[in-house]
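Remarks on the structure that follows.
Labels A, B and C are assigned to the chains in the order they are written; within every chain, residues are numbered from 1.
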Amino acid sequence: MNHSGKILFSTLLALSCALPAHAADSLMMATTTSTQDSGLLEYVAPTFKKETGIDLKWVAVGTGKALEIAKNCDADVLLVHAPDVEKKFIEDGYGIDRRQIMYNDFVIVGPKADPAKIAGKTTAEALKAIYDAKAGFVSRGDKSGTHSAELKLWKNSNLSPDKEPFYISAGQGMMATLAIAAEKGAYALTDRGTWIKYANQQGDANPLAIVVEGDSALFNQYSVITTNPAICPNVKKDLAVTFEDWWVKPETQKLIEDYKLEGKQLFFPNAGK
Amino acid sequence: MGYFSEGMSKALALLLNMDDATFSAIQATLSSTSCALLVAATLGLPLGFLLGYTTFPGKKFLRLLSDTLLAFPTVLIGLIVYVFITYRGPLGQFGLLFTLPGMVIGQSILALPIVISWTAQAVENLDRRCRETLLTLGASPSQLALHTIREIRYDLGMVCVTAFGRVVTEVGVAMMLGGNIRYSTRTMTTAISLETSKGEFAQGIALGLVLLLIAFLVNFLLAWFSDTRDEHEHSF
Amino acid sequence: MNILFEAHDLRKCYGSITALHLPSFVMEKGETVVLTGRNGSGKSTLLRLLAFLEKPTSGVLRYAGSQTEPRREITLLLQEPYLMKASVFWNVTLGLRLRGVDRKLAHNGYMESMLAVGFTDPESMASRGPGELSGGEKQRIALASRLILSPSVLLLDEPTSNVDAASEKAILNAVRSLRPRGVSVVCATHDRDVPAALEAREIGIVSEPV
């Protein structure tokens, strides 16, 4: 190898040796994009580290993929929001110790002109009106918690819009889905956190507005689950218990309550309720 | 345009304030990319050279295979490696998923066909007279091979830069195998992808500009090295 | 008679195309031979066979030099010279270094061979790159890189085509000066003046398509 090749080689080698050292106690969590994108995790992680000494690492994906990661034993704990799927996950033996920690809510947003006239209706009525009016509706379509919540709402209204031309399956994150809804003048189901950010960014030019909110059907429960150590022997069982205990204790619950996005509370603690 | 000018000023702010998260992402990007490049170059340069330099039955097929792999979608590479290194996979015991080494495996596989194909191409594109000149000057087979490599050294440098560019800018493998973990496997590209999904477009553009700057520096360094080498060799 | 090359019914084919058919060819040691003939008559092909760059398709070609390493006794100057991506000094001394000669001796050889091909100030040329040279200069440098090896046999393929008049003169002078040293020379050319300038025996090459 020639002279400069050697220099280049050693530079690369030096860079590769700069790999960050791994902390002794770390816990791998699979979670949903909403907890990360809302900024909640970055807000609580330093407190968690200070109080428990555990380095919390997380992979933020759709709820479906988060559960899949845990099924493959690639995460110790889960923080997700799809109660029905979670219960099935536990029944199938993949997880243990599910604890509810907080909720936020979904809202239905749509064009300010509200072409399907759904403002003020209940969720079921609103979906029926959208369906009958063949007004556009953008779905996440990515097996995320929001997506499965949306599917459940349609099911409860006895409607299957899946193959209807007005129903657009985006296959993308919440923010991208809202952007598509805005472009197409369509309705969409969104978590409130993403909506607050979106509305704040768009300012007065926002073509979308909240049309349905506050319905109990739009309640969005978050829970923590530990991957079943009987199936996955690599799970850090003790750290996982510390993790779950930490989320439900009053101080942490207060921490969640205090988290504000653009001056608005996003998550409502409800551990043990 | 608003996002862009805001992105410009944010990029400057990130660099000037030595922003922790940004520098951690730069470090993750550089260490994983350079490791991947090291692996790909160590395997790919000799293999590519042999592929271009020698003739043997099945050579055309291997060449075609390597060229086809150039078009391998990064997400698919990510998925295949994922299946291998997940805890339940054949290599699960090493705990590689969602770590930098796991990411390096995928990125090496991404870079390898680029290095092999382009190295073979560089050898094949070399003027036939180069070989004949060396032979008529009395080169032995090993000297012939050595000086052929020397003659395509700039092409090999470009091969590495191209592979570096491909790896440093890809997001599929880094996202799937690294998991975009803060202060650990979050690279420039997965960070950009995250900021985009959060709707922080200006921040995404800022990180993109920093990434461009890194790519520029790498190319600049390579150009600088080849310049100093030339001065050295042209002297008595 | 001291035979250097001897060939009978020599044939070289590329696929279905016969590039060379030479019924008979004999050359003595120390002789200067000029191969003439129109384009495509097989001159270059014959030189490549004589240089052992390629093997004949059929026929006999005998070389009476040292049989062990003909490549280090015979050298060929290609029709369009190729210079490696390096300095003039590096290019001219390449063959010596391939033979393991050290830098100091290589430097002496460099001065000598560059003067022989008509460069009056070789030192000033040493660090130039291939991109900074004219066609005539490249040809002379390529010739110098062969002369420095003190070959027993020098093969030249159209050494004076595409070069300026001054370079042509310098090249022919350099080649002519080899004869007193016993070097055998084979030069392919379509330049009518070359056989006389080299005081050489002329052999016409005609390969008919088969």
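As a working rule, a residue touches a chain if its C-beta (ideal position, glycine included) is under 8 Å from a C-beta of that chain, and two chains touch if they have at least 3 such contacts.
Predicted model, so just to flag it, every value in this text is computed and none were measured.
Chemist: When the mean CA coordinate of each chain is compared with the mean CA coordinate of the whole protein, which chain is closest?
Modeler: So the chain sitting closest to the middle is B.
Chemist: Compared with chain B, which chain's mean CA position is the farthest off?
Modeler: C
Chemist: With chain centres defined as C-alpha means, what is the inter-centre distance between chain A and chain C in Å?
Modeler: 76
Chemist: Could you work out how far the Cα centre of chain B sits from that of chain C, in whole Å?
Modeler: The separation of the two C-alpha centroids amounts to 44 Å.
Chemist: Centroid of chain A to centroid of chain B, CA atoms only: how many Å?
Modeler: That gives a centre separation of 33 Å.
Chemist: Out of chain B, which residues touch more than one other chain, so two or more?
Modeler: Expected reply: 150, 153.
Chemist: By the touch rule stated above, which residues of chain C touch at least two different other chains?
Modeler: none
Chemist: For a test of understanding, state which residues of chain B touch chain A in their complex under the given definition.
Modeler: Of all residues in chain B, those touching chain A are 24, 27-28, 30-31, 34-35, 37-38, 86-89, 92, 95, 97-98, 100, 150, 153, 157, 160, 179-184, 194, 196-199, 221-222, 225-226, 228-229, 232.
Chemist: Applying the document's contact rule, which stretches of chain C touch chain B when the two form their complex?
Modeler: 51, 53, 71-72, 74-78, 80-82, 84-87, 89-90, 94-95, 98-99, 107, 126-129, 142, 145-146, 149
Chemist: Can you list the chain A residues touching chain B in their complex?
Modeler: Residues 2-5, 7-8, 11-13, 15-16, 18-20, 28, 33, 36-37, 42, 45, 57-60, 72-74, 173-176, 194, 197-198, 201, 232, 234.
Chemist: Can you name the residues of chain B that touch chain C in the complex?
Modeler: Going by the criterion above, the answer is residues 127, 129-130, 132-140, 143, 147, 150-151, 153-154, 230, 233-236.
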